[in-house]
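Quick one: the structure is below, questions incoming.
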């Protein structure tokens, strides 16, 4: 299994390998980051605010004199963890609904697709802003909001795939064999959607990272004392004028994460289309 | 100079690059030459490299492939030495191309006229009005309908046969010295093919152009070519004058091809003297799409008033052209499309119309085998998974018992047991079709519905599948409905035959009745359109010469559906009254006004 | 015959466009319901919010009655919707003035920013997308692919930060805050919005260029393109005359999607540069829970999205002879 994965990784083009390394790097940081942090997250440890690089503070200090590296290592966990959970929830829900629509015939498909079409015509940022305004932004709610926002997108892709697959002869054969809808959806249709769905999952993940960081950046996402990477950019925005590392570092961190995922998806064989 | 051949290809080699980045030849060592005005046919199965070679005569290689060596001379131009601009000046000007599927090769967003005159305009050969006048002249010569206005249409408004002829007009607009025809009739129905072949022969070949004709069909080539080159896996197996190749082939592979092209008659097992109740009976079946009216007709009917029976262990051939509704019969029997009216009886018991309400045993007794094994087998599953599912589903077989049965099935379809762990993608076309059959057999069915099971395969592979089916039938006594567009195959292997035209049964009967005339005019056209493997057949055949003039048709819904194309139609009768169904002396029943005496003998 | 075909074809196309328009209207209606319902889920209501925690139950009830909040939800929805349609979406709770006025001070800014960005981004994206597709698999294509791939994944605030560091901190060419006012000359205005436009362009160009490339490449492997090449049509003409008529529908669709982003998605750019646009107004409405304002903003963005998609679909209908001429 590991050997196969290694072989597949070796077959990736250079950009894909870079993407894979970035993704693995950020997964590791999300898992072990806080253990590696040189200072406690909330501690005021530097004499100066917006310090640049130094041996004691690799990424300098923030607007209150806290260690940026330590805050970044713990913020990454929020960003990666929340986005991964939300992307999984969105993909699982969207795909399950899509399969239901595809095997359920027009009576299920029509109203469901109509509803999703309606949701998709609310731009995702606007939709999540309305949801934040209505429900607030605690961590579980943020997760839910991000997931709900991206269910329609995943549904649309998964349904398009599933509806095509349901037309395939092997599904017709399965129907004529007397198979039930559940078997058709799970055993005949789903296995052939895995590759494009994985790519779509990656894309949703990127969208959600950007959405959640954006919300945090606007002060509507993760609330203090917790902080994700977007919050770090926000709290240090006053350092923008002097080009502080404290604002650049978390922004670059988000970019390397999302670009890494994008590079990886793009290099995967048989990737789905997405924006 | 005059002795120099017009076209000369020497030691041509085309290479491609695989996923690992290694280069390998797809065709190599190709030599041939032809004189001005000659037609050379490149013959071979899929993967033989015939299209690749044909395209090199335009200096073109498909993405991923490269013309790696050798020389290609057309007139005084050595194509391997020309740059892109110089090649572009030759293409569509001195060398023209007629693509396999005209429906795909015409730009869907532009009018026909725009595209037909384009070669003349981009090569600055004549002003637009002259080019359009010439195009209309060509349309007329190619026997296209409405030659003056057809150019204003878009590709989707025209039929495949018309588009193929329009593509010929596009090729001829510049009076090219060399024309490449790449399987130009393969995508067409046999009755359309004969019309297009005639138009090609009259207009394309008789203008004195040199031509390369790519085909997999020896009989078609026999009508068109002076020379034949037989290709297999990128190499020439045999080359020579048409008559020599067709009458005394020297190479074994050529002989295999010829043998496979004409299906051998297979003996039918003797029937029980006292016919028991038929296995399958269809009564007054009408099916289609859209709302069903009070009379039981759907808004878009596909099948009208179908009645048929299949005896135990017998084979019924259902034949018709694309769109005739032949596959729909299988879909209705399998329950995938509930009929609008009528009944399907299995063993005398009516089957529920749709999937809902059928018992698992009813499902088991009728199995469906689709044409294209690539799409009929789930690419996510292995051979073993595919074969085990019906065993578990119908017979509750699991574990070792299932494994043993899978092995038996593999043996039955003559596939090595080592393949069972393979994914479908790892099998060849013929192997896939065998697995496709085995899956149906795994259910222990009484009836197999075979929808064009050999038409996606190369002739040699297809013939092997037919042999296998005949054998299985002998051993297992399973009844078959064999749906096909190929009347010679159906005549060779079926006990009974049903001819379908536009959803109506025009002729039914035992196969003996299909060996000699008289036939229903449509059956006659079908049989007469199948090319014979000898030169001169195209000129002698009377098929597809067009119908006699007739007055306006009445508006009775049951008028003869074949009326617009029927060469035997009678004014005042066929266009006014619906035809009756009546028996002919030799044992078949036809849906036609005419009796045996007025149906022209084939 | 041809004339009659064209006439009935145009009629068919008009019917199709009419249906599409009606469907957009219906969607907008459903969207308005969704937004209204979500806004109703807000714990507490505007009366409570306005009076604060210390208010007595009677005071709240009186204000609720005065604001019409004690009427049943469908009635409130109907009156809100009719207000939206007639251009009076209610009173902003925080600004204490009509929502229409608040919005009308911001909307032109947003439209102008979007229009200027589109003016730069659309031609640039078309050039990059088509150029990339024509060079498919080549070095330029791969370089552009990696670049645009990265651009679409980079958060706007990183682009904005780098732009500020470069153009206002290092080079001191441009102001880091986009102050705009009515008294400004066009030159001053353009200098003021240069950085927001630059930031938005980077993201939008990458999105549109990728989709343009995909749309063109999707057509490139079709047999009709090979046929055109084998007719001797020059490569540029193959793209312009043969591929573009077929790729135009997905390209316009991509443009419409990206342009809709320019209105609603500009939230972060507007915030960073303090640009007084509609999106940052909406963020303020979220922070202050000013529901009437929020609902109105959301409806404007959704309507803009639907209008753009409608334009894209009408283009697709007109570009496709299968839909235009039956």
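The chains carry the letters A, B and C, assigned in the order they are written, with residues numbered from 1 in each.
One rule holds in what follows: a contact is a pair of C-beta atoms (placed from the backbone, for glycine too) under 8 Å apart; a residue touches a chain by one contact, two chains touch by 3 or more.
Please read all numbers here as calculations on a predicted model, not as lab measurements.
A.B. asks: Indicate which of the five shapes (line, ring, star, complete, other) describes how the chains touch one another.
C.D. replies: complete
A.B. asks: Which chain is most remote from chain C in terms of Cα centres?
C.D. replies: Greatest centre separation from chain C goes to chain B.
A.B. asks: Could you quickly compare A-B and B-C and let me know which has more C-beta contacts?
C.D. replies: B-C
A.B. asks: Based only on mean CA positions, could you tell me how far chain A sits from chain C in angstrom?
C.D. replies: For chain A versus chain C, the centre distance works out to 22 Å.
A.B. asks: How many Å are there between the centre of chain B and the centre of chain C, using C-alpha atoms for each centre?
C.D. replies: About 50 Å, centre to centre.
A.B. asks: Using the touch rule from the top of the page, what residues of chain C touch 2 or more other chains?
C.D. replies: Residues of chain C never touch two or more of the other chains.
A.B. asks: Which of the residues in chain B come into contact with chain C in the complex?
C.D. replies: Touching chain C: residues 55, 58, 60, 62-63, 87-93, 97, 99-101, 104-110, 118-119, 122-123, 146, 149, 152-154, 156-157, 170 of chain B.
A.B. asks: Would you mind writing out the residues of chain C in touch with chain A in their complex?
C.D. replies: Within the complex, chain C touches chain A at residues 27-28, 30-31, 34-35, 38-39, 41-42, 145-146, 149-150, 152-158, 161, 164-165, 169-170, 176, 207, 210-211, 214, 254, 257, 260-261, 264-265, 267-268, 271-272, 282-283, 285-287, 289, 291, 294, 297-298, 301-302, 305-306, 309.
A.B. asks: For chain B, which residues count as touching chain A in their complex?
C.D. replies: Listed in rising order, the residues of chain B that touch chain A are 331, 334-336, 355, 358, 360, 363-364, 366-368, 370-372, 375-381, 389-390, 393, 439, 443.
A.B. asks: So in the complex, the part of chain A that touches chain B is made up of which residues?
C.D. replies: For chain A paired with chain B, touching residues are 168-170, 172-173, 175-179, 188, 191-192, 194.
A.B. asks: If we count contacts the way the header does, which residues on chain A are in touch with chain C in the complex?
C.D. replies: Result: residues 15, 117-119, 121-123, 125-126, 129-135, 206, 210, 213-214, 217-220, 230, 233, 237, 240-243, 247-248, 251-252, 254-255, 258-259, 261-263, 266, 273, 275 of chain A touch chain C.
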